[in-house]
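Letters are used for the chains, namely A, B, C, D and E, taken in the order the chains are written, and counting of residues starts over at 1 for each.
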Amino acid sequence: MDNLASKSALKRHEAEDTRIKAGPRGSKPRSALSRRNIIVYGTLILVAVYYLLPLYVMIVTSLKGMPEIRVGNIFAPPLEITFEPWVKAWAEACTGLNCDGLSRGFWNSVRITVPSVLISIAVASVNGYALANWRFKGADLFFTILIIGAFIPYQVMIYPIVIVLREMGVYGTLTGLVIVHTIFGMPILTLLFRNYFAGLPEELFKAARVDGAGFWTIYLKIMLPMSLPIFVVAMILQVTGIWNDFLFGVVFTRPEYYPMTVQLNNIVNSVQGVKEYNVNMAATILTGLVPLTVYFVSGRLFVRGIAAGAVKG
Amino acid sequence: MTSVSVRDLSLSFGAVTVLDKLNLDIDHGEFLVLLGSSGCGKSTLLNCIAGLLDVTDGQIIIHDRNVTWEEPKDRGIGMVFQSYALYPQMSVEKNLSFGLQVARVPQAEIDKRVKRAAEILQIQPLLKRKPSELSGGQRQRVAIGRALVRDVDVFLFDEPLSNLDAKLRSELRVEIKRLHQSLKNTMIYVTHDQIEALTLADRIAVMKSGVIQQLADPMTIYNAPENLFVAGFIGSPSMNFFRGEVEAKEGRSFVRVDGTAFDVTAYPASVPLKPGQKVVLGVRPEHVKVDEARTDEPAHQATVDIEEPMGADNLLWLTLAGQPMSVRIAGKRRYPPGSSVRLSFDMGVASIFDAASENRL
Amino acid sequence: MTSVSVRDLSLSFGAVTVLDKLNLDIDHGEFLVLLGSSGCGKSTLLNCIAGLLDVTDGQIIIHDRNVTWEEPKDRGIGMVFQSYALYPQMSVEKNLSFGLQVARVPQAEIDKRVKRAAEILQIQPLLKRKPSELSGGQRQRVAIGRALVRDVDVFLFDEPLSNLDAKLRSELRVEIKRLHQSLKNTMIYVTHDQIEALTLADRIAVMKSGVIQQLADPMTIYNAPENLFVAGFIGSPSMNFFRGEVEAKEGRSFVRVDGTAFDVTAYPASVPLKPGQKVVLGVRPEHVKVDEARTDEPAHQATVDIEEPMGADNLLWLTLAGQPMSVRIAGKRRYPPGSSVRLSFDMGVASIFDAASENRL
Amino acid sequence: MTGLTRGSVRPNQWLRNLNAKIASIPMILTALVIFVGGTAWTVVYSFTNSKLLPRLKFVGLDQYERLWEAPRWIISIQNLAVFGFFSLIFSLVIGFVLAALMDQKIRFENTFRTIMLYPFALSFIVTGLVWQWLLNPQYGIQSIVRSLGWESFSFDPLYDSDIVIYGILIAALWQGTGLVMCLMLAGLRGIDEDIWKAARVDGIPMWKTYVLIIIPMMRGVIITTLVIIASGIVKVYDLVVAQTSGGPGIASEVPAKYVYDYMFLAQNLGQGFAASTMMLLTVAIIIVPWAYLEFGGGRKRG
Amino acid sequence: TDLEVTHWWTSGGEAAAVAELAKAFDATGNKWVDGAIAGSGGTARPIMISRITGGDPMGATQFNHGRQAEELVEAGLMRDLSEVAEREKWREIVKPSSLLDSCTIEGKIYCAPVNIHSWQWLWLSNAAFKQAGVEVPKNWDEFVAAAPALEKAGIIPLALGGQPWQASGAFDVLMVAIAGKDVFEQVFAKKDAEVAAGPEIAKVFKAADDARRLSKGSNVQDWNQATNLVITGKAGGQIMGDWAQGEFQVAGQKAGEDYTCLPGLGVNEVISTGGDAFYFPLIEDEEKSKAQEVLASTLLKPETQVAFNLKKGSLPVRGDVDLAAANDCMKKGLDILAKGNVIQGTDQLLSPDSQKQKEDLFSEFFANPSMTPEDAQKRFAEIIADAD
């Protein structure tokens, strides 16, 4: 009797067991076209199209001839690919009497960007380091002013800066422009570096001090080698910012130093006859090429650095 | 009757297989501890049970229901995390009730359950506070409360105490134990702290690289470890190991290590020891008597290297048979470094492992 | 002769005063542990000694030289940090030699010292590795090595072991102790782990909110805590406290708690207990005997609430005089919850505190 | 017992930490001379009738009265308000939604991120030009849609005074949302994974988890982002110049352009300075409390 | 010696004209370093001014002569050309003399005028009217009347670029044509707000309202793009200065055949004599100063004047040069000039500040159909009242 009951219980159990065993196992099957995937990838692809459309139009247009542009639609791929607009934009487009296109501006931009980026990053990183690790009385006040300064519209500052540069005797020189870029790069870069260095373990800094390293030794030997991501962020920000700058380039320099953006503006706005959209687009792409390259090459580090330097207040 | 069954569970992250055909049955009301060092796959297993990770293969059965493909919320589980994972902007009360509100439990019922959980955990005065205004221990209590209000039969804990300091840890440990005794529900508890495992568990599953090495009650694990890994992993300070060879002489068995021979006749071997067999002799620090052996008993002479008084007892570090070993003695007896001591071993509670297979003999 | 003296040290962060006129003298070759809960100012004190924080007031004297305003490197100290603070981009060897190179020590001398430190700490095989390729214990060893090569007489440790897991922690603890025994230099060691404090220290300074509560050797701290805070802070599980009133009856003294009277005649009070005085009786868990009292001895009956087997010993939680208390018993004796036990107290090693002043009587 | 050694004397406060002070000189100079000095200078001269060159001939509040009577200034302010409001909302919402999508352990994450972020590398001049063209009714989207058959389709925001500011908004969002997405993504990645797990165990639907738990947790990132967007909004200038030059008419004028035009084209510095002072005031109202809380209030390090 | 010359002549016709100046200057053994800044005077002037005030002056720079450089001169930043002028007898050769007056401040001459530009032209596309099947109009009223036919043919009647100065200039042209020279002078020279608010000007605003209606749909920014609409027959006409002629020339069109020009809108043949002039910032460098003088005198040389103005489509500043090569339209202009039907340009009469306010007003007026002419006139009167 007893035996029987337990036996039947066992049977039931077994039955249940087989039922369960027959049930689902392994990971839940997910078709590639699940609702979630459709929503996620669908949205992302749509968004990607929105972001890519202008680039596509730029490229396509720059490869068309003017007649084709006039009749065709802007999204249509070129019937006949021509590189003439590129050649023209780079080497032949005229502003006034100068018909050497963007090429001159390109080298000027390089001459402006390289020292400006290097100097502004050097100054700001040392500064951020001092603020994060060697705090002194009043540092916070100056820093707060600096940060507020980041929000002042540039137009407000142009006049005073002209005066300052004039008094320093560097108005209109490359030096002057580098100083201007350093000044305006300072707030955001200092903030980034300060946050980054403050995020590094303080004990590391203490250990170095016990080891007898001073201000500069710690900066050069300890902090710098650990700061690649944030330097990449700073570099991308500055390269794009300075390369793309128009206002300072035009206000604080003379024409022989005009950067590429000014040249671009000149080409685009020097309409001789009809607007040559294809040349304009080629010129536009050419101008954007350097920051884009920098960004594509080091974009991955950019996100990492942003996370390290910007997210914590 | 089993409460949670894990059948042939496999899980890979891409090319890395973390769990491979793992089986585990947990009884109703059992307190099971998953113990293992960092990275051995404890959390992974727990997350699979909770439904937070998609298994690669195998089944998970909770209360005779195959839940392998169910959402976590439908599995009848509650979970407590190491980092508390409280919703920081919500008050404690809101933290407790949020899940229920989302599940559209009637407000009266919510209030009742929150009240009960708060009472059990003694967090009534904290209900209006934000998590940031709580201490670590209080936070963890709230986190437990959040699992409690779900009114489920299976609780999963992922190293709930390891962010707390030693003192709080031992306090909360007792509370969790008390909770289990009063709720009597199934608990699966992940930790790498062996004290927690020993004190809390009904059964301990010791894991290494995704494989369960031994599954047994704490005393068995402690006193009769299945293999060298378990023996070394459990116990602080570790079990003392002596690698040597079995010798038989005059009807007695010995393990010879360097020049020293340990009389292991009293050892209750499950397989007879074969002379010449390479073995590892393991003796726990508290199973060594110091200066207590009768003169006729076998004893070994050694010198104290270091003494670590720990309040309630005293830890001595010495060298025997060319190997460092530790000995735990109770109370206030002090042996400053350099003291000479006579050690005798309680072989009845020692362990002997085969040196090759590392399994208990 | 003192090695490090702290005189009337005060330190404030803005409006918050962390240390207020603190005094501390540490002898040559002494191992002093600063013990206290989080935020009590231990690290702050250590940083002041190291010169990493500018003191607000007071003096720091190391080896009879007032170094209050010296740079850290000129104080003759080495320091080891909780997070190891190894320079991540340098190899172990470079980590060790960096400070010496900065100080322009000749290369031959550097090599010699690095070699010696590596030998002492047994990290020779790691010299070429980067810190990221080391385990936690190895990293901490390198960090100690970095202090070692500086060839200084005072070592400062700021919770060097608290990032390690329990097993490694106890291993390195022994190593540090061994190191101290062989180097015989002054060590100041900050921790909030009382086991570390008890096992390592020559003297322990127990701190609370920036004030040293008691400064004494470990056994005194453990057995004769100066006040309630120290008594409660040291020991795991905590000392059991019973709040009650002194009673004198038939030439014997009692502490009456609720309905229960504890016979404390055996207590070696430094001040005589006055009947009617409100006191706190403190008994450590291991100073309670379970079922061992002779029938004529005073004993108390209680029921086990929870049992926590810890391998080597067994922890019982019970309720006595309306209060939860813990008892530690050795070995394998088991008392499942619900067991009835007879407790007897060893009052010779108990502590009694005045309830108002909280100081030891 | 101890003599008066070097170490026992409290060193001069000015010399302590000297290197840090030296290293901070550029910052101090920038802060004081350029930002404080320049601002003060601008404010002072906004009370003068300086024309082409700054002159200290005070005329009281005349410039401000004229400023607030100028229809163009009023329109500029309105435009800024509309542009600012929508670009804040849209940047945050779009940026967050994109970040949330990117956070779904998707494939090709790098590619998508690169696509969204590349416009950020382009200058406003370039952005303005491209969008000017895409929105040109003759060649751009309108003509395409029309050629597909919808003859009456009309989409020429840049030539319609009523909606021109939205045309600029489209370009601004195209350029800026990528960065916001990146910041938000960084913020999302910083959130403890256990929170997600806890929410799943609690059975909280994904969107509710985002709205009720994750977003409130990202307060810090959101504030940083807000400040970055806000500072960009106040400064918006190049984009308008490149896209519409303020047109049609004065329908898309913005304050920064007003400042520039009156300072340099109209050669009325006083007027330009008055307008800049108003902008400064706006900035100050938004930023100063934040900056003070964030950096000034002696907050703990890190 | 290298001399940097900044200007904003970047359109096709303009660039060709500048090339003539450069050629002439280079012929003197110096070198013209071209510093063209695109985007019209609005973009260029601030840059020039900041460079001069910033202490980094160029060798010479273009301004619309009149009041744009007034303060720079007063601040002593500009070079006094009186000596050169004396030597080369500018007083005698420059016609009309008002041009030199605009360069004169406190008796000293500070600029070298290079051309006379007149705003008062209506340029018409013969092809467009042919396509619409109507006669090419002979005056503004006919033009307005022909508009519906143009519209029916899908042609924009009046091309008008989006740059503010175009709207503002068009209004001035309408004003001279409709209200006449006297009213123009009363409003702009005497700054008589009452007249500005009066019925005469109301008529002008009515006409402006017409122009606004006719110009709907131009959708271009630059003036030369607007001109291009006329050249290609997409638009019927454009009110623009004589510089537009340069564009027609570059496009290879012939006056009278392909396009028609109506000075003073064909109503009131008066032209304003604004124009461009070169200013010479004070430079320390000896050699550069010398080169500046050479440039100044080169600019007024008869050959230069002819070559430059033919390309530019403007009129020479001296009456004694031979413009046989001039086309139809230019000859019309020269005739009017000879008759003395001239007025001063608004650049000379109004401060840049008032000019800017006026531009803001008209650019809004022309872009915003809901702004009534009455409202606009009220604001116009206020600007005139405040003008200096």
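Going forward, a contact is a pair of C-beta atoms (placed from the backbone, for glycine too) under 8 Å apart; a residue touches a chain by one contact, two chains touch by 3 or more.
If you want to know which protein each chain is, UniProt gives these names: A, D = Glucose/mannose transport system permease protein; B, C = Multiple sugar transport system ATP-binding protein.
What you are looking at is a predicted structure, and each value in this text was computed from that prediction instead of being measured.
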Remotest chain, chain B as reference, centres from CA atoms: E
By count of C-beta pairs in contact, the leading pair of chains: A-D
Chain of greatest Cα-centre distance to chain C: E
Intercentroid distance (Cα basis), chain E paired with chain C, Å: 90
Whole-Å gap separating chain B and chain D, where each centre is the average of the chain's CA atoms: 55
Between chain A and chain E, centroid-to-centroid distance (C-alpha), Å: 43
Where chain A and chain B are represented by their mean Cα positions, the distance between them in whole Å: 50
Residues of chain D touching at least two other chains: 16, 260, 263, 298
Junction residues of chain E - those touching two or more other chains: 46, 50, 53
Residue list for chain B, restricted to those that touch at least two other chains: none
Chains grouped in pairs wherever the two touch, ordered by label: A-B, A-C, A-D, A-E, B-C, B-D, C-D, D-E
Residue numbers on chain D that touch chain B, as the complex places them: 192, 194-195, 197-205, 208, 212-213, 216-217
Residue numbers on chain E that touch chain A, as the complex places them: 4, 6-7, 9-12, 15, 18-19, 22, 32-39, 43, 46-47, 50-51, 53-56, 58, 222, 224-225, 228, 247, 250-251
Of all residues in chain E, those that touch chain D in their complex: 42, 45-46, 49-50, 53, 68, 70-72, 75, 162-164, 219, 221, 351-353, 355-357, 360, 363-368, 379
Residue ranges of chain D in contact with chain C within the complex: 1-2, 4-11, 16, 298
Chain A residues touching chain B - in the complex, by the definition given at the top: 16, 20-21, 23-28
